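So that you can tell them apart, the chains are marked A, B and C in the order they are listed, and the count of residues begins at 1 in each.
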Amino acid sequence: MTTVEPTVPGSYDGFATSLPTPTSRWSRLARRQGWTAGVAALLAVLLVWRVSQLPKFGAFEIRTITAGTMTLALLAMAQGVIVISGGIDLSVGSMMVFGNCLSALWMPDRGLAGCLLVAVAVIAITAALATLIGAIITASGVPDIIVTLAASFVLAGMALWVLDAPRSGVSADFQRLVAGRLDNPWPSVLWIGGVLLVLWLPLRRSRLGLAIYALGSDRKAAFLSGVQIAWTRVLAYTAGGVFSGCAGVALTASTGGGGPLASTGTTATLNSVAAVVLGGVALTGGIGGLVGPVLAALCLTLIPAIMLGLGWDPSNAETARGVIIILVVAVAGLLQLRRTRPS
Amino acid sequence: MSDVTPIAAATTEESTQVVAEIVRETVRPGWRTRLAEQPALVLAGVLVVLYAVTVWKDDSLLTVNGVRSILLLACPLAVFAASQTLCMLTGGVDLSVAMTANFAAYVAANQSGRGPWIALAMALGVGVGVGAVNGLAVGVFKVNPLIMTIGMASVLLGVVTVGLRGWLAGSTDVLDVVRTVGSGTLIGPLPTNLLVWTGISLVLVLGLRSSGLGRVIYAVGDNQIACRLAGVRVWQVLLAVYVLSGLLAAIGGLLFSGTTGSVGVDQTNSYLLPSVAATVIGGTSILGGTGGYTGTILGALILTVLNRLLLRLEVSEAFRQILYGLIVLALAWSYVRLTGQKVREGGG
Amino acid sequence: MTTPLLLETSAVAKAFGAVVALRAVDLRVRPGEVHALLGANGAGKSTLVKILTGVLRADAGAIAIHGRPVALRRPADAQGHGLAPVFQDPAMAPDLSVAENLRLTRVDVPAVRRHLSDMDLGQLDLGEQVRDVPLPFLRMLDLARALAFDPQLLVLDEITAALPPDLSERVFAVMRRWKERDRAVLFISHRLAEVRAHCDMCTVLRDGRDVASFVPAEGGEGQIVAAMLGEAATVVREEARTRSATAVDVGDTALLEARNIGAGRHLEDVSLAVRAGEVLGLAALEGQGQDVLFDVLSGNRKADRGELVVDGVTVKAHHPFDVIRRGVVLVPSDRLQALLPQRSIRENIAAPLFNRVTRWGPINGREEGRRIDEAVQRLSIDTRAASQVRRLSGGNQQKVTIARWLARGLKVMLLFDPTRGIDVGTKHQVYDLVRALADEGAAIVMFTSELREIGLVCDRSAVLHNGRIVAELPADAGESALLRAAHGLETVPA
C-alpha cells in the first residue's frame, strides 16, 4: 500500500489503514446458503427416517410426499416473496382456494390444452387480485396484516361464489401432467423446481428482485438508492399472487377438483408462514430465499408421516409443528440479534 | 430562581416562529381531530344505523328475544376481542385465543366430576398457563407475537386432539354453572352471560384508563424505547398482557361452551379472525398505543348485527363473506383516514 | 469575466411542522471549486444537502444548475442533473452484497471499480455483503459509486468523520482531481483544518440562513468560528462571567461518578464526577462517543470496563431502571426516544411513575394530578394541545420530557443536547431550569453541541474527543478554547 503525504499537518504519522480482510468464500456461502443447507440436512434426516419406517420405498412413496407437498411448497413461495419484501400476507391460503375453485369451475370437460389455458387464466386472475391487495395496502396505509385479513374473508367468499359445492371431473391428462401418475413422482418435483427456476430465479436476479430485497432490508437505503418504494411493494404482492395461483392450480390437479372450504385456506396460510420461517426467511424482511421455504414445506409434510410411522397419534404432529416454528423463530431471532448488533 | 436571564433578544424570525407555534396549538381542533378523539361516538352511530337497517329486514330485532340473541352471540366475540385489544394495544396480537378457549372449555368439562370450583379453576389455569408461555416468549425471547401465537395454537390443537384419546378422555359434560351463565336469561332481553361481559368491560375500561398497568400497556405499544428509558421493564408488561389475554380467552371459551352446551376441538375457531376485526373496527391500532375496550365492545356488536343483517339479506353465503370482508376493510380504512395513524411510506 | 455558476440556490427554505430548518439560503458554487458548507449542529446543512439531492423537497426558493432552473423531486432527478451525493448514513441495503447494491442504483460497475483502484482500493471485494464491510470502506464505496455517475457536483456530507486519516487523504485527492476537471465539490465537515487546507471557498450557515461566504485559507479558523457562533458569542461570555462569580457552593461528595469507563471502540477510560449543586458541561464534536457515554451513565448500555458510582454506591446497571431508582435520570437527545407520541401530556409525564410492578394498581388521580400540575406549571408547558404530545411544538415536547422527571423526583439529571431544534424562548427556560435544579441540590451533566451554552449554564466543562476526555476547562474558558479542544487541535492540560 502506498503511503500518502498528509495535507493537514500533524493529522497522522504515515499510519495506513489496511483493507478489510474479505470474509472467506466459505463463510460467505455459509451466510447465504447456510440456513437452506441446514433445512436440506433436516430434510435428508427426515427422509432417511421415513424410508427406514417403510417396508418398501419406491416411486409411489416418493410421489405421495412430493405431490402432497406441492401446494404447500408453492404457497410458501407466495408468502416468502412477500415476507422478503418486508410485508406479510394472511390471504395467500384463501387466494389458493379461490384459484382452486375457479379452475375446478372451468376445467371439467376440457381437454389438456383447454385445462392449461384455464390454468394460465386463473394464475393471471389471482395475480391481478393480489396486485389489487398490494395497491390497497400501499394506498390506504392500513397495516398489511389487517388488509390481508379482510381480503381473506373476501376471497373465501369469492371461492364460494364461483363454486358453491365441491366439484371434480378435471381431465385426467391434466392431473397426470401436474401431479403425475400414482407411481410417478417426477411431474410434481419438476413443477416445483420449474417454478423456482423459471419464475423465481429470473426475478431474484432482476433489478425488481434486488429492489424487493433492498426494500425488506432497509427501506430508507432502498429509497436513497432510487428504488420506487410503493411500486416495488405492490409488485411483491403481484409475485405472491402468481405463486398462490400456481398453488391453486396444483391443488386442482392433485385432487382432481376443487372445494370452497374456507378452513383449507386458513390452515394453508398458517402453514405457509411456518414454512417461510423454517425456511430461513427473516420476518423483518430482506433475508432468505425461496428454496429454503420449499424444503421446509417438505419437512412439514414429512413430520406427521413419520409420527404416524412411529405409531404416535398423528395429532402430535400439530404439537411438533408448533414447537418447531416457535423454536426456529426464537433461535433465528437470537442469531440475527447477535449478527446485527455492532461489536 | 436562577441568576441567568435571557440575554440575546429573540430575532424577529425567531419570534414569528414562536408565535406560529402558539397559534398552531391554540387553533381549535377540526372535526376530524375531534372525531378521532371520540371514536366511540362514531361507532355508536354506525351501530345504530346498522341496527335500524337490520330491523327493516328482520323485525324480530325489536323483540325481547331478538335483542337477547344479539347480546348472547356478541358476548363471546367481545371477550375474545378483549384479549385481542390488550395484545394489540402493545403492538402484538394473540392468534391462540380460540384454541386456548377450546382447551379450557374441554378441561372444565372433563374435570366436572371434581366439582365446579376446581374444574373452573383448572380451566382458568389453562388460560393463565398458555398466556404465560406466550408472554415469556414474546417479552423475554422476543419471538414475533404473530408467529408465537400461531405456533401456540398449533401446539394446543395437537395437545387437545391427542389428549382426547388419553388424559382428556371421559366426561364432556358442560358444568351446570357454565351452562346457566352461558345460556340463561337474567331479565327481559338480558342474557346471563352479560354479567360476565359487564364485569370484564368495567375492569378493562377502568383499568386501561386509570391503573398503572393500563398506562404502561399503552406506553409499551406507543414507544418501547421510551418505556425502557423511563425505567419500565417491557417484558414484565408483555408477560402481564399475554397472561390476561389467556385468562380472557379461557373465560370466552367457557361462556361459549355454556351457550352451545357442548365442547369441541375447534368450536370457537370461527371467532378468531372476527375477534381481530372487532378490535380493529373498534379503533385499536394493530401497531399499538391507541384505542381501548369501549370501541371494541361496539366493534363486537357491530359485527354481530352485521352478521345478522347479512343472514337476513337474501344473498348467498358467498356474498355474505365478501361483504363482511369489504366492510371490515372499509371501516379500518376510514379509521386510518380519520385519525391519520397511517403506516409511514418510504424514506426521506 | 464572470464564470457561470455551476450551482446556485436562492432563498431555499424548508420547515418541518413548526420547526424551521432552513429560512433562506443562497449558495453559489463555481466550477473548478471545492466549496465548504459549514455551520454548527442544527444550522441546516443536512437539510440543504437533502434538498440538493432530491431526498427532500424545498418549501420555497429556486435551484439553478449551470444557470438553468431545475426541479429536484426525487433522488433520480438530482442524479440526472449531475449532482451525486455521499450521505452521512451509507445508502446501501445491509443484506445485499455491494455488487447487488451497485446494480440497484443502475451505476456503471466497471466505472466504480476504476474509481476504486484510483483510490488504491481496487482490492475491495464487491461480492461482500454490505453488513460485513467496515464503515470507513462503505463510505469509500459510496464515494466510488457517486464518482461513477461522473457528476458535475459531488456532494460529500461529513464523509471524513468516519474515516481514518489516510483514507481521508484519498478523498482529498479525489476532490483535487474533480477541481482540475473544472467540476465542483460541495464539502461538509466539522474538521476546520481540512476545510482550510482543501477548500477554495466556504459558506457558513447559522439558524437556517447563509451568514458568510469567504475564502477559508484567508480568513482562517478564527473567522470560521466567529461566523458559526455569531455575534451572540461575545454577549454570552460576559453573561457567563457574571454567573460563575455568583455560583453557589457545591457539595463535597460526588452524586454521580464514572470511573475509567470503557465501551467498545467508542469510549476509552473516561472518568468524571459531578457533585450536588453542580452543572458539568460536556463538549464534543459529533461522533466522539458522547452518545455512548450517556447510554452508559443512564444504564441503557453496559460498560465493558470501569464502574458507575451513584451517591457512593457502585451500581451494576442492567436496565435503565437500575439507575433511575437511584435518582439518575436521562433527557435524551432525540425527543422521539423519550415520548409516547400518541399519548397525552399527562400520561407522558406520569410514565416513569409506573415503572415497577407494585405501582400497577389503581391510580390515585388527585395525587397524580398534583404532581403533574406542579411540573407543568414549573416548566410553563402549553397544555392547549394536551391530548397527543406529537402535536406539540419541539420546545413544548422537550419540556414534557424534562417535566416527567420533575414529577418523579431526581438526584442527577443527564441532559443530552437539550436545546437542539427548539426556539430561543424555550432555550432560556431550559437554562433557567437547569440552574434552578442545581441550586436545589441536584447534580447535572449536560452535553451540548452549542458551545456557548457551556459558558452560559455550566460550572465547568469536560471535552470529549475520540472517546477520551481530552480537556477539563473552567466555565469561562471561552468558546474558542472549547472548540479547539473539541477539534483535538491542542490539548489543554486539565
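In this section, a residue touches a chain if its C-beta (ideal position, glycine included) is under 8 Å from a C-beta of that chain, and two chains touch if they have at least 3 such contacts.
Treat the numbers as computed from the prediction; the structure is a model and nothing was measured.
*Asks:* Consider the two chain pairs A-C and A-B; indicate the one with the greater count of contacting C-beta pairs.
*Replies:* A-B
*Asks:* With chain centres set to the mean of the C-alpha atoms, which chain is at the far end from chain B?
*Replies:* That would be chain C.
*Asks:* State, to the nearest whole Å, the distance from the C-alpha centre of chain A to the C-alpha centre of chain C.
*Replies:* Distance between chain centres, rounded to whole Å: 43 Å.
*Asks:* Let me have the rounded angstrom distance from the C-alpha centre of chain A over to the C-alpha centre of chain B, please.
*Replies:* 31
*Asks:* Quick one: which residues in chain A touch 2 or more of the other chains?
*Replies:* Touching at least two other chains: 220-224.
*Asks:* What are the residue numbers in chain C that touch two or more other chains?
*Replies:* 55 - these are the residues of chain C that touch more than one other chain.
*Asks:* By residue number and range, which residues of chain B touch two or more other chains?
*Replies:* 347-348
*Asks:* Residues of chain B touching chain A in their complex?
*Replies:* That would be residues 93, 137, 141-144, 146-148, 150-159, 161-162, 165, 269, 273, 276-277, 280, 285-287, 316-326, 328-329, 332-333, 336, 342-343, 345-348 of chain B.
*Asks:* What residues on chain A touch chain C, complex-wise?
*Replies:* Contacts found on chain A: 1-9, 11-12, 15-17, 19-20, 22-23, 28, 31-32, 207, 210-211, 213-214, 216-218, 220-227, 286-287, 339-340, 342-343.
*Asks:* Under the definition above, what is the set of chain C residues touching chain B in their complex?
*Replies:* 18, 20, 23, 50, 55-56, 207, 232, 235-236, 239, 242-243, 246, 298, 300, 319-321, 324-325, 330, 332, 336-343, 347, 350-357, 359-363, 365, 382, 384-385, 387, 391-393, 395-396, 404, 423-425, 428, 431-436, 439, 456-457
*Asks:* Mind listing the chain C positions that touch chain A in their complex?
*Replies:* 55, 74-76, 79, 87, 89-96, 100-101, 103-106, 120-121, 123-125, 127-129, 131-134, 136-137, 164-170, 172-173, 191, 193-194, 197-198, 264
*Asks:* With touch defined as at the start, can you tell me which chain A residues reach chain B in the complex?
*Replies:* The contact residues of chain A facing chain B are 88, 136, 138, 140-143, 145-147, 149-161, 164, 219-224, 229-230, 260, 262-263, 266, 270, 273-274, 277, 283, 313, 315-323, 325-326, 329-330, 333-334, 337.
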